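One chain, subunit A, links the two complexes that follow: it is found with subunit B in the first and with subunit C in the second.
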Partner chain A sequence: MKMADITDDILSASDDDESQVVTAAEVLLKIESLWRTERLSPTLECHQSELVDCMLDQITQMNNNLRRCKKTDLRLAIHRMELERVRYVVASYLRCRLLKIERFTHYLLEKHGELDDPSLALLSPQELDYAKSYAQSIESHFNKLVLRHITHEKLAEFDAKKMSVVPNMNGYVFLKVLKDSPGVLISDQVGENADEEVDLVAGDQHLMMYSSIQELLKSGHVELI
Partner chain B sequence: MEAVEEEFLAEREHVQIIPNFSHDKLYLIAGDVGPFVAGIPCSVPLWLAVNLRQRGKCRLLPPAWMEAEALAAKKEEEMQTKVFTKMGSENYMAVAQLLLTTAPHDVPNAHLVRTLIKDIWDLRIAKLRSSVAEFIKQSGRHARLHHLTPMELHSVRPILPSALDQLLRLGAAASGAHNVSLNDSSMA
Partner chain C sequence: MLGDKAFSLIQELDRSQHGTLPPFNEDAVRQALEEIDSLFQQNVADINHLAEDDALVAGIHLRHAALERNKRCLLAYLYNRLERLRTMRWQLGSVLPSDVRTNLCEPELEWFAQYSSTVARYMRSLGDGQGLDLTVDLKPPKNLYIEVRCLQDYGEFELEEGEVVLLSKDSTHFLPMEHCQHLIRQGVLQHVK
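And then the complex of A and B:
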């Protein structure tokens, strides 16, 4: 995929910024922030495979360019080093997602099935395949290992629902406000006192429940730190 | 996030170097740097500065906030107030640590600077810990964290978020038990 395609995708996804050309540097910044968010969020965030693919293309392109360089060139070592850094971020990001997919397999598959809007999909097509085959292998593993030896009919059933681990949406996260968002509701889970409302001012940092700011995180009003 | 990952991200911050070689502009993915002219200061990402310094290709210029006087003033300011003050850099700890370990000779009064940075860090962490204790005692559900840097937040992670999490669970369990007992009594 070319950089221009990405630009189109991003432009069509967001209405507020117009006719911006997305540079490789911006894509990299975006990916670094995605990486951070993914590492800190209690659940799996929406997939961004366009951005990742775009960055991987950049890496391959740069690698090809470097092959033409002379060994003694000063640039070679520097570009190599940067490539390693970028590759590390992308790999760590994807690995972190895979860990979450293995942990919350059934929950994510269920959520993914419920979504109608493909732009909000949690899993990329490849990740979906992975999740499905992972769920399948776990099931067949359990069946082979234990369940087929059990004669009791009820006990021998494999119930994916009982196996599924659900992410803790009420986990606390640190966040930084990027755009003013007044009146964020902090719901009271315990039920002792009333709900609280907080105005988030750009630049401020807060500690609060993930569920309170999940939507703001998706719309880019806040970022996790 | 691990501390090394915070440091990794801090390495994107730009610092000034004085190169001892000349070279055209470099077109990095993260943006262009250079051109390098021997003896003329230029701004590069910290990771590149460290690498060039290790290869003996440049001298590092510590940022203005890393001067001993500025740090002494900052320390004084930090002591005078109960809240956190704004630091010269979001990643002061990582930047100072990297500069001081890579090239202690490029930093004037390196020893003093190191002590001052450590003092400021200790002051801030002490403040952070006492406010965390206060926050948990008040069973707050939301906190504002002005001017805290990522590395400082890292020092209370994961203990603070997971402690709050456990409190929430205990609270939910307690109120659940409360409701159940109410139901029981109403049935009796």
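And then the complex of A and C:
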């Protein structure tokens, strides 16, 4: 039995809220694909805190359901194990995001501030809080130990633009095409003006620069593998 | 030589064993800061004489570059130490072992406390305020229960269902993994393969 089947089995049992259109198993599949993407992408992807919250809610519900089961039931152990696995996926996904948030703090805070549309926000409110607090703690640490001992004002500033780490958008990623997407522009990095266009056919697998497929990834035309 | 002190800090950190933290080198940091200061004073003096002698420009540029480099090295030293501390927060929890604490300077201890509370606040806020401990399973779970050996007399340990296990030295137990992971990291239990 596949992992998704078991989860479907145990999770759909608890999912009696009829107004919800997506089933728990679909949410899990989505989270698994988000998890993969987040781990493979060189930069931070948009946050999906609704999905994560929904999944965490399901886990708690299932745990409560399991508590009512008889202890000797063989299925109990299998269900528990499955829940642990789901929990791991969610936790690992969130950890991976935190790692990127810490590494690219200043870059992400700046990008986040530029966006007007809240549905495209990179950071969830909690993550924003985390990033701000992290950036502040690092800067005050720098200030305490080094910067305030430098007498000249201009030199004693922490210039985030000059010193902070930014993600490498030109890094290469492996990807699989889900929907046909003709005419993807691959810009020429060498400067010989040799921009190329390729047609991506569903089912193909490629190794391409992240920056050229970033939009396709957002719209779900390709997935990272 | 210009910038040597600051660079030696980077070397020191780079050569130390990965995952450990050498003592905070306050002397070298102070010397690098003094160098920045003296370079700056020399530059100020030269700038005042610039009108009389154009040849001073090259020296000013050189000193300024050295000064920027010193600053950069110092900040890199601080930042990379914090990164190692950060890894320890995730692996060892919010209480640092005493051998690590002795190697830290006061601001680093403050930073660690602040970082710890930031992480804890974030974990509490997850899942509509239910909270999710992200530090429990750093590796994918393979089994629900694992065999552990107790390395020290810990006393009674209560499991989620209310069962109580007596953890005495050299006893082995078969416990749910999620509950004993923290004890393993604290060094109370050892995972027996």
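Criterion: the second predicted complex is superposed on the first by the 204 of 225 C-alpha atoms of A that agree within 3 Å, B and C clash if a C-alpha of one lies under 4 Å from a C-alpha of the other, contacts with A are read in each partner's own complex, and residues count from 1 in each chain.
We adopt the following convention: contacts are C-beta pairs under 8 Å (C-beta built on N, C-alpha and C of every residue); 3 or more make two chains touch, one makes a residue touch a chain.
Quantities reported herein were computed from a predicted structural model and do not represent experimental measurements.
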| item | value |
| --- | --- |
| Which superposed partner A:D53 touches (first subunit B, second subunit C, both, neither) | second |
| Subunit B versus subunit C as contact partner of A:L74, first or second or both or neither | first |
| Subunit B versus subunit C as contact partner of A:K154, first or second or both or neither | neither |
| Footprint overlap on subunit A, where subunit B in one structure and subunit C in the other make contact | 77, 81, 85, 88, 92 |
| In the complex, subunit A residues that touch subunit B | 24-25, 28-29, 32, 36, 39-40, 58, 62, 74-75, 77-79, 81-83, 85-86, 88, 92, 168, 170-174, 186, 188-192, 196, 198, 204-209, 225 |
| Of subunit B, residues touching subunit A in the complex | 1, 5, 8-9, 12, 21, 23, 26, 28-31, 47-48, 51, 141-148, 150, 153, 157, 160-162, 164-165, 168, 171-172, 174-175 |
| Subunit A-touching residues of subunit C, taken from the complex the two chains share | 29, 33, 36-37, 40, 67-68, 71-72, 74-75, 78-79, 82, 86, 105, 107-108, 110-111, 114-115, 118-119, 121-122, 125-128, 130, 132-134, 136-138, 140-141, 143-144, 177-178 |
| In the complex with subunit C, residue positions of subunit A that touch it | 52-53, 56-57, 60, 77, 80-81, 84-85, 87-88, 90-92, 94-95, 98, 102, 126-127, 129-130, 133-134, 137-138, 141-142, 144-146, 149-152, 155, 158, 163 |
